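What follows is a pair of complexes built around chain A, which joins chain B in one and chain C in the other.
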Partner chain A sequence: MYEGAVQDLIDELGRLPGVGPKSAQRIAFHLLAAEGHEVKRLVDALTEVKLRVRFCELCGNVAEAERCRVCLDPRRSDEVICVVEEPKDVVAVERTREFRGRYHVLGGAINPMENIGPDDLRIKELLTRLADGAVKEVILAMDPNVEGEATATYLARLIGPIGITVSRLASGLPVGGDLEYADEVTLGRAFEGRRVVGG
Partner chain B sequence: MFEGRRPAVGVDSRRSGHDVGEGWDNGPVPLYRDDAIVLRTHKLGEADRIVTFLTRENGKVRAVGKGVRRTSSRFGARLEPFMVVDVQLHVGRNLDTVTQVETVGPYARAICEDYGLYTAGAAMLEAADRLVEAEREPAVQQYWLLAGALRALSERHHDSGLVLDSYLLRAFSVAGWAPSFTDCARCGEPGPHRALNVAQGGAVCPRCRPPGSTAPAAETFVLLAALLAGEWDVADVSDARHRKEASGLVAAYSQYYLERTLRSLRMVERDTPAVPAPAIPAVPHKIPAIPREGEAI
Partner chain C sequence: MYVSHLSLLDFRSYTAVDVELEPGVNAFLGPNGQGKTNLVEAIGYVATLGSHRVSTDAPLIRAGASRAVVRTRVVRGDRASTIELEIAPGKANRGRINRGQPVRARDVLGILRTVLFAPEDLALVKGDPDGRRRFLDQLLVLMIPRVSGVLADYDRVLRQRSALLKSARGVRRSAGGRPSRPRLSTTSSTSLSPGLSTGSADSSAGAAGDQTGSELATLDVWDARLAELGAEILVLRLGLVEALRPAVAASYEQVSSGAGAAEISYKWSLPSEVPDGAALPSVGAVRDALLDAMRDVRQQELDRGLSLVGPHRDDLVLTLAGLPAKGYASHGESWSFALALRLASYRLLGGEVQAPAFWNPDLGTDAEPVLVLDDVFAELDTRRRERLAELVAPARQVLVTAAVPDDVPGALRGVRFHVEPGTVTRER
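Take a look at the complex of A and B:
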């Protein structure tokens, strides 16, 4: 344990995802040794992001206005919605340049052991978006792991009866992996070869 | 079969039945191998996962799966919840590391393709994780019970809610909280009885019956006893009303003995048929009986 301010910093860093106690300590001491203006840049970036960036009121993606860039883009198709778990998955799918529709970010996957149920995700918002009849296809692009598959199963059963085509990314994405680590080629191919699972 | 269960002195006690380490007679064992059920996983750092296993011979073990979230990982798919695997682990200072995985029971796919199975299965994994508290203490009966229940679930021979309730009652029995649904749980007075008290451990006779006991339907008692004994010919033909009452009592039982709710239990989707199940049950399929020491299934 360290004195007040240093320990506070280590504690805060240690709460970040993927940062263990040892890494937190390493980062804290790196910041202590860094020049004042370097640290200020980091502080400014953190402040900026909290001030300017929020979640798109329509799709849940990160946005710098009420709506995100994808939702505001008039050249994109309103007929297809790609449903993903996290905003970073939007970035992964965009990299493939295969998809020209809109997105819907759920904010996670159904995971009962972690106390995350359907009501904790942006599923109601998705159904609202599907209500006006403009959407013809929903592509489920959850992570290819157990929680992602189960979430896709749940959504396919929910959306299928509405009469909208529901498709799931083709296999070829290795099971157990994170969508964000799929390379553009593999992910692009998965898009092309998506299979209809409902509707 | 149980030569791995030696007094817990350092690394040597973790040696399992099929050892793969070199020179295990006189030094620490760098590698060991065991059958294991994946209970849960947590993301670690950039691309790793911490995997919690319930192993056959070493009890609960937490280990690191390195790089398994990368798309190039050969065994990411095998280190998913509900999978039963043959795993080789490298002993580490804090956490062991997974070095090889082969699939023994590929149940994950079937389970997550059906939302009812997924929610029931998640509750089973959470219960096992809670009932086997200590790490590296053999819990061989819990292992067999869970492996059998996951298989039964994935093969859909029975209603998923019934498989879950049967599993929970039997897992509690193995943990030392065996309920009784016929004879009085307190004095042993032969039943059937009309009252049930969760804190007393099941059915209670008129003399033992504490205030606040419930009085479930006689059929619910029969169903609970069948689920505890694995009598599927009885359980499969039970009707929706009694299944619902039984599952409520099993949930109360779980909460009382675990002193906390199983979080997954509230999300379990029970699709009990509106009409009673067919009188001729599907191919009888039992969760394996609780094995005695050394008994193979």
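Take a look at the complex of A and C:
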């Protein structure tokens, strides 16, 4: 244990995802040793991100306005929506350059062990978007793991009866992993080879 | 196949050790607590990604170290492969094959196959069903490495589904018998209609109730996945038991010199009879049966917060002369049964036994697994000791550990190693 302020910093850093107690300590001492202006740049970046960035009111992606850049882009197709778990998955799919439709970010996957059910995800918002008949296909691009698969099955059963084509990414993605870990080529191929599961 | 080289870094009691092994018999000798079992445990880990002594990885890391590395060189026919595994508890273990790019640990499965006999095997006969289920599942993974993914997914689905059932139970308790709650979960067709899933259809309950109400709507999804994966596991296990049955009976007769016949059979959680003989059911048929059974016990599952149907509830039943081995067999008979299960596994993997239909054994060259006998001779009387030694002596490679050198039968002559804390020396 360290004195007040240092320990507070270590505790805060330790709360970040992927940062264990040892890394938290290392980062804290790095910051202590750093020049004042370097630390200020970090502080400014944190402040800015909280001030400027929010979530797109339509799709749930990160945005710097009410709507995100994808939703505002007039060249993209309104007929296809790709449903993903997290904003970082939007980045992963964009990298493939395979997809020119819109996104919908659920904010996670169904996970009873962590007390996450359908109502904790942005599913109601998705159904609202599907209601006006403009969307012809929904591509479910959940993480290739047990929770992602359960979420995709749940959504397929929900959306299929509405009469919209529902497809899933082709297999071949690294099983048990995160969508973001799949390289562009693999993910692109999974997109191309997607199979229809409902609708 | 055989292991020609083993090197350990920060594994158990070893900081760093290198051992050259030979085909045939290799005996590791030394007083208690010197690190003999630690060596063969490491080899077993490379084959199964698990220890025969502990269920978590933490005890495998040398006290004070943060990760362990096990490297083995496996010779099969005229080909040699190097398998390296890094074990770091709390992180995903990594593997490397022939010093290539890091891969998931799971990807090294299938290169080295071992069959390990250990004092812990007595629990196969005398212990709880989970040990016997693990026996079957581990053997399946040795045969078909892909199965490890199916088992891991099943386990995860099971835990998710059980968590869902438990939270549903909690809410129903605290809701004080509100009649509308359980109904939601039992009518699967309505729970999947779009209207209900928007969360607006059931606005009467409190916040926690809402949450669990919609979670319960997902129960069907978990049921489907549990049934799919469960059916795949069940069909594999049934086929395996069928293939092992004659080999276990024959092996038991050999080690015990035949007092009463040893039988194995599978007991499942489904209400129907377990099909036996050649007529194995299809995965689809078993999946449907699992779904039906789940539907029948759903109320009970909700009451108890437990998943009551599926391969996690099953058992491998061992009988000796018509009586259950557990509770009836003598200590010596129980030992013989445990040995028979291991010997039968060895014969199946080595291609001496008619393989189950789902397994296309790549028996090309030198497929015979490595045999490991950890401290078993001390447990056996002289006759069983001699018989076991005769049976395993011709194997491609046998690794033996013993605290008392005289416990190792004369039939198992070979290379001897002296084990002292942290070091292994070959005796000349």
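To be clear about the criterion, the second predicted complex is superposed on the first by the 199 of 199 C-alpha atoms of A that agree within 3 Å, B and C clash if a C-alpha of one lies under 4 Å from a C-alpha of the other, contacts with A are read in each partner's own complex, and residues count from 1 in each chain.
Just so we're on the same page, contacts are C-beta pairs under 8 Å (C-beta built on N, C-alpha and C of every residue); 3 or more make two chains touch, one makes a residue touch a chain.
Everything quoted here is computed from the prediction, not taken from an experiment.
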{"item": "Fit or clash - chain C, chain B, common chain A", "value": "clash"}
{"item": "Touched partner set for A:G18, first chain B, second chain C, both or neither", "value": "first"}
{"item": "Touching partner for A:A92 - first (chain B), second (chain C), both, neither", "value": "neither"}
{"item": "Partner chain(s) touched by A:V70 [first = chain B, second = chain C, both, neither]", "value": "neither"}
{"item": "First, second, both or neither for A:V83, with chain B first and chain C second", "value": "neither"}
{"item": "Touched partner set for A:L140, first chain B, second chain C, both or neither", "value": "neither"}
{"item": "Which of chain B and chain C A:P112 touches, first, second, both or neither", "value": "both"}
{"item": "Which of chain B and chain C A:V166 touches, first, second, both or neither", "value": "neither"}
{"item": "Partner chain in contact with A:T153 - chain B first, chain C second, else both or neither", "value": "both"}
{"item": "Colliding stretch - chain B into chain C, listed as 131-139, 185-193 or 257-265", "value": "257-265"}
{"item": "Residues of chain A contacting chain B in one complex and chain C in the other", "value": "110-113, 115, 117, 145-147, 149-150, 153-154, 157, 175-176"}
{"item": "Complex contact set, residues of chain B against chain A", "value": "40, 43-47, 68-73, 75-82, 108-109, 111-115, 118-119, 122-123, 125-126, 129, 263-264, 266-268"}
{"item": "Residues of chain A defined as touching chain C within the complex", "value": "110-113, 115, 117-120, 123-124, 127, 145-147, 149-150, 153-154, 157-159, 161-162, 175-176"}
{"item": "Chain A residues touching chain B - in the complex, by the definition given at the top", "value": "17-18, 20, 110-115, 117, 145-147, 149-150, 153-154, 157, 173-178, 181-183, 186"}
{"item": "Complex contacts: residues of chain C adjacent to chain A", "value": "149, 152-153, 156-157, 159-161, 163-164, 167, 192-194, 197-200, 210-212, 214-215, 217-218, 220-222, 224-225"}
